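After this come two complexes, each holding chain A, first together with chain B and then together with chain C.
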Partner chain A sequence: MPATASGGARPEEAASPSVSSPSSYCMGTRPEELTARLAAAGRPPVGGCGGGGEEDGEHERVRTLREIKNQIIGNRTKKLQYLRLGAVPAVVAALAEPGVSPAALVQASAAAGSFACGVDDGVRAVLAAGAVGHLTRLLSHPDEKVVDASARALRMIYQSKLAPKFDVNNEKNMEFLLTLLNSENENVTELAANIISHSCDSNTEQLALCAAGVPQRLVNLFGGSMNLRDACLDSMTSIIRNNWEVTSRFALMDHGKALRSIVALIHDRSPRTRLLACLCLIALSHASPSHFQDRQIKTKLILVLLELIEEPGHVGDDAPLALTTLIKDSVELQKQALSTNAVQKLSNHLLANSLESRRAVTILLALAELCSKLEESRSQLMSVQASTLIIDALKHACADIRVAACSCLKNISRSSKVLSAGKLSCDTFIAPLVQLLYDSSTSVQVAALGAISNIAVNLTPRKSILLDSGAVSQLVHLSKSMDPTLRLKAVWALRNIMFLLNPKDKDFILKELTLSTLSSLICDSEHFVQEQTMALVHNLVDGYVDAVNYVIGEDGMILNAISRQLNSAPASGVCIQGMFVLANVAAGGESNKDAVMNILVARRADRIKPSFVVNFLQSKDKQLRVSTLWCILNLIYPKCEASSVRVARLQNAGVISQVKGMVNDPCLDCKLRVRMVLEHCLDNADDGFM
Partner chain B sequence: MPVRVVDTATPSSQPSTGQDANAGHPSPPSCSLLSAGRCFAGTQNVSNVQNNEAWKVNVRIHGCDLEQGYLCGTMEALNVPLADTPVVTFWEGEIVDAKNYTFFTGKWEASPEDDIRHWSKFPSFTPLLSQIETDGGKSVDLSNYAHIFMRWKEQYFVNVGVDCGLTIAGFYYVCFSCSDGSISGFYYDPNSSPFQKLELKCTNEKDSGFTFSSYELQ
Partner chain C sequence: MFLSRIVLRDLDSIDSPASMASSKKLVTRDEWERKLRDVKIRKEDMNRLVMNFLVTEGFVDAADKFRIESGTQPDIDLATITDRMEVKRAVQSGNVQEAIEKINDLNPTILDTNPQLYFHLQQQKLIELIRAGKINEALEFAQEELAPRGEENQAFLEEIEKTVALLVFEDIKNCPYGELLDVSQRLKTASEVNAAILTSQSHEKDPKLPSLLKMLIWTQNQLDEKAAYPRINNFSTAALEDPAI
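Showing the complex of A and B:
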């Protein structure tokens, strides 16, 4: 979900039907009639009734346009009806006709703007009819009312994502934009701000606008009407978002005065202005943290956003999202939010209101973020009644709410402390989560898998409820999905379930999964899936002899797959987990060690190609070096004749000399394992095994 | 591991030094023997003047976050007198890294003198002592030290009630050897027998090698 509010968008201006002239009372008002009349008005008069006839025709057109406009403002059904009747081209045509009266232009502009407001098909129709060009031309009309109406209509159009981008890198366009921005007409300057919000999203556009002095001009416009100020704030946010250079320049502008003016607006009377000012400062703090270190301002932002949650409408809906963006990935800010009772306030709001709104989604996401790092947040959320509400949210009809609830549970369970307490490992949470694995929405399935993956780590003495919940068969099913994310998350969950599981349950999972599926997953097209599968296998074979036998047996299907992957040198994460599989297998009896040995040092290839193990020992990734050293150590452990034979083979393959070269490895863990390997080599030699 | 509740209360002096976070300090070395899933077994000597006693102890690491200086796990005491079953407790640990935590406890009724007295029981602490006495250990670089010093504090009983006649009021000073995964510790509780020694060995080392398990949270 996007983390920023759509600050520039405003609802369609209230329908204030223009007063119709008395003659309109005798005019038909059915959309069919009006559309036909409008189309006829655009055609040249037939029969030549003189000047008076043209005047009447123009009055007729104004009346028709006004009536259409009055009918469609705020009325989606009517808009769709007129769209079906093909009224839009006729309305837009009125904007382009030579000699059309200002009154008709005003009505046509307003109607075109209204068609573009809130209905995508309306936007498409208006754009297709060429309204943007005509309306833009009308911005320089001598009649101020026409200018106002066309500026308003263009604002409506630019609120839509379907509207074309305005290329500010084009010199002429930039000049035109600056003309609009410098206009004394607030409708026009507001339009300029809207165009910037709509069009500015690349680094070069941001720099071009900054170089043209746009930020300074926008700040100067803060003194205008509330709507203009809001549009300027939104525009400013789009200019600085993710752009360090522009943000730095802005922060230093007028010795920080410009920045302070935005800070001041977080206390504005208008809730919408407060939200937009917060969003602007959040964008600023993310783009250039060094220019935004004032802890007090951040605390104020948190407090303001928490207050805004109580506001009705979009402001209240978007405030939790803004809070989420602000605190994302920052332990410090999450602690600050926690100290202002954020968890309590958000939970209270959720408890006091129904789950039926968009706000429930954004609040749940904010709570999820608060629980992403801090134990105290997790504990607070679990202690209030909100945890019951989260369970309700898991079963909610709206997919977004189900996703948000899963995110909450995923982040609450992102803690070994919470998992040790086992509070989430109960049927109350697990049953609805498992149900979501069958959800029709993939995003819900992915979110549920995230939560289940964490809860699957069973750190309690109790048997995992997940195993009895039927989750395993669905996880196995999802591990074969065409969607790589579903495959990844499903395998990840199975890997975590497998962690320190008893042999009987491991056997159950292995039978559901089958060796052939496991083998396919090891060779999956996505290396993240390969890595989790390798980790799954290394958990499977840890302490479970039968599983080791499966892995080295069955014609070596699994070991061959692992061998292929390690030899093809995929991502280091895959190799690390692969080496831990081999280390665990090598911790078994002689046949296990021989099987691993044959992968590390293929008998025939001894002199042809250096073992991949040597490459792994030379890797920059210390975890790969460590896992490889553990595998080597297990191969030559304990001291015995067979071990000494393996030492000799490793020596011939150049592995031991590589290990010797690592006695001063910069990683202490590696250095210590190197010592262990060399001591074992020496012991085997001393005891006459070599 | 819990110890029996004794009545003699001799509160120690209040700590004078709290935790002093020193940002930018390197973390202790990551050690493959100190990670989630690692198990340890050994004894805790609970001898006092009246009797000579040692309880068998199993420890399992549940989670380890070197960046935050945090780890946690469970401790199981097997032959606890008065207890029908093995007693399992959940503990949380602070890793001394001069960043998140220093050698000075600053809480749990442990004075700096108590701290030094206990840490000094570990031979591997001796080379660090002078520096700790000079600046409280702020400049000690433990990132390449083959021992990891920790405090383990039991938080709650997992399988028995608080009325089990045992206490978990104290905490452990712990020294972990990165070389072989052995653990030494001393239990500290002003109200319990002093210097109860904990000695554990890594049990993931089987006859034929070491084994590994891991989980990853999302």
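Showing the complex of A and C:
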């Protein structure tokens, strides 16, 4: 048996039904009665029954199975009810019994397939009862109706993520799959295509299927019925996804004829086929851009997908997602989309259909992608009535819509033009965004934080709106969250608000945040949170001399935390920001310089352990080298007696000789700072202080 | 791109100063008919259009006769049309449970993968119970079968509320939601069923002929702006009418 069901939780055993009259021929339709009758039908007959009795029994079983089937199809509640009664093992058992009539097999297959549709517990129960094995065996049953029924049931099972993967690396399995693909029965070939879509996700599986000639066979099946063609397109996509080798082979197959047959399908009459063909071509172009340089096809894809948005159902819902995947990270394709009025068309659709359902989510996400790079898209979206729609979406009851609206705003606010025009820094946008910081869904909070971070960057004259909105206290609250992503984004937003802020407001934020929270964030368990916190401190001390008191005051709580992090040499991003903080502090008076000096070159450990500064200067990261050089430069400037003492200490710690070795640093900025440091050293030495 | 732009500009400058009526081209009936005769349409294509219509709409006897007379092969097994028509008839005559069971026999995946259709059939069942005056049964059915669907879907809930509202009125035919009891409601459900079965059989759910007619109307409207010509106004006779000058 090629396919086997994995083990799973067994469903609850049947509670023995209280009202049961298995001997009676009156056909009850209550689930309890039917389940009991089915279980009784599975037992071997007691005593010597005549042939007529067996026939009656079989007839009775078919009726029972059919009744159960008709009750559960489409009906979630009934499925759950039968699951609780433990009906699934009895239904599946009928598939395996010797001598069962084809009629009973058809009904049992249909019931098993339906249990596996739409209810996860149903899938688990069907798998646990061993249905996959039995149904697979029935695919070679002589009765065509049984074959149809079992193929359909297996298709329902393989639609679920819970279904076991079909291992195509196994030779026997592959052979079996090929016989299915070559079947005359379209239900069976469609099943084969579904199995491939369900099971094929690794590189080796894709290559194995390709080597077995599956792509060729799938292309041949495009000539079949519409449903079969759609299934084949979908499995083709899963075979080529992210696989350069398979894609290149496919592109050259039959001198490009196979590829052209898919291109032709983007103009098919059926909208679903058009969408699936687009998805397949998008996967092709991502897997192997070199085989897919024809810009015309990509323009066509954009046009077809924009048209498909008008289609009802899943096709229209998924078309914007396909468009998003197509144009992701490609400025060129985004420009093309823009030139076909994509922003206009998408937002018109939203305006015309109100914010209903999944489509609003996918359209907003597509709009967000269009605004990720292009200034023109952003201004279009801000100018049409769509901007009021985005505000509505921020307040929508559905969390996914709120997230998508935040993504739009985040990407629009990447534009310094929009920001400096102050279009987003008004209460109409800020108030609902700040409200979302209190949302019950974490993903909404994260999305809102992203938008607020961007808006905060460049709203210098209007930052008061953000500060007055009560955002700061909630940001501080979120910076203490258990969720690392929330902490990261909250600190990031605070960092951006802090950027070029006036001293009074900086004081306000710090009062809310408190020094102890700040120091624990510097020592956060996640290095990306550490980095943003260091950057927050960097923005705090930048251009505000008195702020240094926060850093070196309170027994140097903050400075100690920074020192601890730099000494433990975490990620370079953390070190860069930390060194910038120290450089800013060292730009102040003598006491500041001394405090920094004591971190760089610990008094007692002078000769025992090399200073981390030396490591930083040797780093491959030029930004780390630059920030460290700036810090040294600020320590030995201006020329004075104290500076000479510091030069001497740096020299003793091996820092200066390390700098001397950097006169030919490949980074120009570094090279310049190195020269400045060395000049100052010489100046200080000339005066005979050394 | 550039070429078409230039051409459009030219048209603009010609059209705008002159009055619209005088710039319309006149096509006489003789000329028009001569031009129509020059267009060759293959008989087989016409026959396939007719067959497509008969099959999609479910006229199985007519389709079979037409197959014998014209030699046109239908793109679907005629036996499946009979099944489909039986389902449709069951809905039209109010036997919803029978229709559901027949659909499940035909293909058990249709109603499982089409929640909206399943809901509309259940709703129709409720309507039939109310029509038959089986109030207790109707209430029980609404509670046990329909209420869970409403919990899963807001739009369904609203439709359930409308349907159950029928129970409140004494003169249900004239109550605000009385149209649910109309024959048209049965026809609506029946045509939804018809479309779903066709889709499951890989067949397009709408016949091609009506879209061709729509295209004809669109084309005539476009042409009206540029020319006076023998128009088809009566689509059942397709007679050409002399242009009004």
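Heads up, the rule we're going with is that the second predicted complex is superposed on the first by the 632 of 690 C-alpha atoms of A that agree within 3 Å, B and C clash if a C-alpha of one lies under 4 Å from a C-alpha of the other, contacts with A are read in each partner's own complex, and residues count from 1 in each chain.
One rule holds in what follows: a residue touches a chain if its C-beta (ideal position, glycine included) is under 8 Å from a C-beta of that chain, and two chains touch if they have at least 3 such contacts.
Being a predicted model, the structure only gives us computed values, none of them experimental.
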Fit or clash - chain C, chain B, common chain A: fit
Partner chain in contact with A:K417 - chain B first, chain C second, else both or neither: first
Chain B versus chain C, judged by how many residues of chain A each one touches: B
Partner chain in contact with A:A583 - chain B first, chain C second, else both or neither: first
Partner chain(s) touched by A:N454 [first = chain B, second = chain C, both, neither]: first
Touching partner for A:F612 - first (chain B), second (chain C), both, neither: neither
Which superposed partner A:Y158 touches (first chain B, second chain C, both, neither): neither
CA minimum distance (chain B, chain C), superposed complexes, angstrom: 21
Of chain C, residues touching chain A in the complex: 100-101, 104, 107-109, 111-115, 118, 145, 148, 152, 200-204
List of chain A residues in touch with chain C within their complex: 66, 69-70, 73-77, 110, 113-114, 117-118, 149, 152, 155-156, 225-228, 269-270
Contacting residues of chain B [partner chain A, same complex]: 29-32, 36-37, 62-63, 72-74, 88, 90, 92, 144-146, 158-159, 178-179, 206-218
Of chain A, residues touching chain B in the complex: 410, 413-417, 419-421, 450, 453-454, 457, 459-461, 489, 492, 495-496, 499-500, 535, 538-539, 542-543, 580, 583-584, 586-589, 593, 622, 626-627, 630, 633-635, 637-638, 667-669, 672-673, 675-676
